[in-house]
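Quick one: this structure, given as structure tokens, is what I'll be asking you about.
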Amino acid sequence: MGLSKQEIAQRIAQELRDKWYVNLGIGIPTLVANYIPKGIEVEFQSENGLLGMGPFPVEGTEDADMINAGKQTVTVLKGGSLFDSATSFAMIRGQHVQLTVLGAMEVAQNGDIANWKIPGRMVKGMGGAMDLVASAENIIVAMMHTNKRGESKILKECSLPLTGVGCVTKVVTNLAVLEVKNGAFHLLERAPGVSVEEIQEATEGTLIIEGIIPEMKL
Amino acid sequence: MINKVVENAEKALLGVTDGMTFMLGGFGLSGIPENSISELVKLGVKELTCISNNAGVDDFGLGLLLQKRQIKKMISSYVGENDEFERQMLSGELEVDLIPQGTLAERCRATGAGIPAFYTPAGYGTEVAEGKETREFKGKMYVLEHAFEPEFAFVKAWKGDTAGNLIFKGTARNFNPMMAMAGKITVAEVEELVAVGELDPNQIHTPGIFVQRIFQGTAYEKRIEQRTVTPKS
Amino acid sequence: MINKVVENAEKALLGVTDGMTFMLGGFGLSGIPENSISELVKLGVKELTCISNNAGVDDFGLGLLLQKRQIKKMISSYVGENDEFERQMLSGELEVDLIPQGTLAERCRATGAGIPAFYTPAGYGTEVAEGKETREFKGKMYVLEHAFEPEFAFVKAWKGDTAGNLIFKGTARNFNPMMAMAGKITVAEVEELVAVGELDPNQIHTPGIFVQRIFQGTAYEKRIEQRTVTPKS
Amino acid sequence: MGLSKQEIAQRIAQELRDKWYVNLGIGIPTLVANYIPKGIEVEFQSENGLLGMGPFPVEGTEDADMINAGKQTVTVLKGGSLFDSATSFAMIRGQHVQLTVLGAMEVAQNGDIANWKIPGRMVKGMGGAMDLVASAENIIVAMMHTNKRGESKILKECSLPLTGVGCVTKVVTNLAVLEVKNGAFHLLERAPGVSVEEIQEATEGTLIIEGIIPEMKL
């Protein structure tokens, strides 16, 4: 029901603004780079030490010394730069990156996010996610509204160990665009064909619905 | 100029013993000290604490040391992609300290820069901050993080000169420069060892002062973890 | 790429007002933002707090702003070589905060790197540490030092591209890279402004993300403070 | 009486060891570079961002972009490197520099040093001196044993504001070489033609004299 992963990325791309530096997490967020709106310039930062990240290399030119934070072979655009990990996180911690887009297992109505650990299961680590969510002013989460069992991931309180506290500003799911403020989820847009009632039902956290909720335009 | 050249990995690792704490450069499999890792496997030193952003894959990088059960504790930010790691961790054979990537990078730099501790926002309010000092600065909460104490740092550079100056290539730079600063003894292996005067002093990434031993590496595999390409049109 | 180019110093300094806090790169007279300083003199903004390692000489560098009494407070590590500075300081017209050079450099970096505070050994047991928190780590005493809050940073580079990437030359690098990181608005003036693609991404000293405005500087004097030479043989 | 400034530098140069990185302060310390013992390699660090500092440039090749911490035009040797001030003080604070040589107004028997401020007079600032003395393991002070009025500068306690506490390891003056340990000055060597009694008279701090004190060899 609702948006595909590609469409979630497409909707998030509408949030990009001219002259923003953007860090895209692994998964759906990475796809956002395919939908940059016309007429704006953004630069993608990869926290392993790359600014001005370009598309995948042409077959045969891939280089083990040129990867992104997802360990995929990538390229650097003209005007890009390479640097060490301390400088990279100086950019992130110092709020030089205007937008972070990342995935989540759970988001809470106070802006908490959980996306790195499921107790009892294998723990792979937080990578750069804790630095990113503790630092960025704009944090958009790309995620499915519910888990495979149909349970809401848009919660009153996170049940999983947190990645960051009170930091998420917006959530784009397969069902809706939600703004996180004043301790609640504010419904901004519906996915095409999805009703407000369906969103309400899939949302465990407090959902504020004000006025007529428009359908997303993709 | 002070000459830092040693003949090979064997000479470069002189003094490495069981129970030591090491830093190892690299992000994923990019920029890892392949020769030094091979030599550590050969030496068979055990009970090691390894500070490295990742833990390699089963049959490459730090995975090779894990296979031989040489590592007692890993300090990393992300350790997926490694079945043997998972097995040892879940069975309790391996201690794992997971810390945010930026905190890891900054702690490495602090170690080399004589900064014993600093405040960072990363991890505040999470289990990473449990038992740590926290403090408010200008309305925002931060966690106090400390420097490390590694005995050796193993780094890999693209080019290096006999005085120990290093230049890295692409994203293979990653943690290498800060770890080079941090090692009590820093061992640099390079793809190309050149004479002094061949590197532009204005373009050195790691000044030679941070490097105690340098050697010409051999047989680099430089494995790619996720080969993603654009088809030829 | 995001284009950071502005036409000239006048456009680059848009928004500068009385009472602001600035960082200005340079060590002695080497690597100082000559064009931005001239523009500040022209603008006549007053009551400024200037964070800069030195204070120029009477008729060059920050000395020009001192002559016009535009500076309320200097935060520096060394302020000799300047008679007007001395006069204003001794008469109480000018506030001066002297801090150790390494602490100054690290505080600039901390500002840009989102580190609100860190511990350093410099100044412990001296009047520099008076009123500051001190703390022992592993048997040695340290002082807690904080980040700054500059509104503008003015830096000078050798080459820069339209995306704001900078390369410095020789020892003119000094404080410029950290101050570039620290400015809420960082203005970079360059001896040579080039198109994107002309600088090697692997050899950038300051990535463009840290620079908000860049312009082609003009008429660099690059004065030498102490001309010491070896006679031609 | 005793050594010239050149000779003080010459004596200090004997303290250099192979493979040491050395920071030389302004004044007498700078002269140490002229007397590097044969057969050893040292590299000079200048805290404004230069490692592998070479001699003054040949007339006509001096460059405003290549100066040392004393603002003198210098050169960089093959194998040298250039870096920013934060990296430079990372080298210093991180104890990568094996020896610091600097001047002083006063040194006390507990290793305290004062060399940056005379209250009531113009204060020029400490520059990098406080970082250097708080960090280095080996700190040799180059100074005259007494001031212009003949008063000792080798004291029980510093009277001037301190630059660093308990940090000086050795003092080389125009009269003597002194080791600072266990709260006293230990007389190691006499300047040629200077007697132990003359040194004792010029020293206000506790002076330990054990056995026969040899003359310096220059």
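As written, the chains take the letters A, B, C and D, and residue 1 is the first residue of each chain.
Here, contacts are C-beta pairs under 8 Å (C-beta built on N, C-alpha and C of every residue); 3 or more make two chains touch, one makes a residue touch a chain.
Computed from a predicted model, the values in this text were never measured in an experiment.
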Is the C-beta contact count larger for C-D or for B-D? C-D
Centroid spacing, where centroids are CA-atom means, of chain C and chain D in whole angstrom: 28
Whole-Å gap separating chain A and chain C, where each centre is the average of the chain's CA atoms: 36
With chain centres taken as the means of their Cα atoms, state the distance from chain A to chain D in Å. 55
Counting only residues that touch at least 2 other chains, which ones in chain A make the list? 76, 82-83, 86, 89, 92-93, 135
Shared interface positions of chain C, touching two or more other chains: 106, 109, 113-115, 120-121, 168-170, 202
Provide the full list of chain pairs in touch. A-B, A-C, B-C, B-D, C-D
As the complex stands, chain C meets chain A at residues 1-3, 109, 111-115, 161-163, 165, 181, 196-197, 201-202, 204, 207-210
Listed in rising order, the residues of chain A that touch chain B in the complex are 46-50, 55-60, 62-74, 76, 82-86, 88-89, 92-93, 112, 122-131, 134-135, 161-166
In the complex, go through chain A and note every residue touching chain C. 19, 21, 41-43, 45, 51-52, 76-83, 86-87, 89-97, 135
Seen from chain C, its contact residues with chain D in the complex are 27-31, 53, 76-80, 86, 89-90, 96, 98, 100-106, 108-109, 120-128, 158, 168-178, 205, 222-232
List of chain C residues in touch with chain B within their complex: 106, 110, 113-121, 137-138, 140, 142, 146, 167-170, 202-203
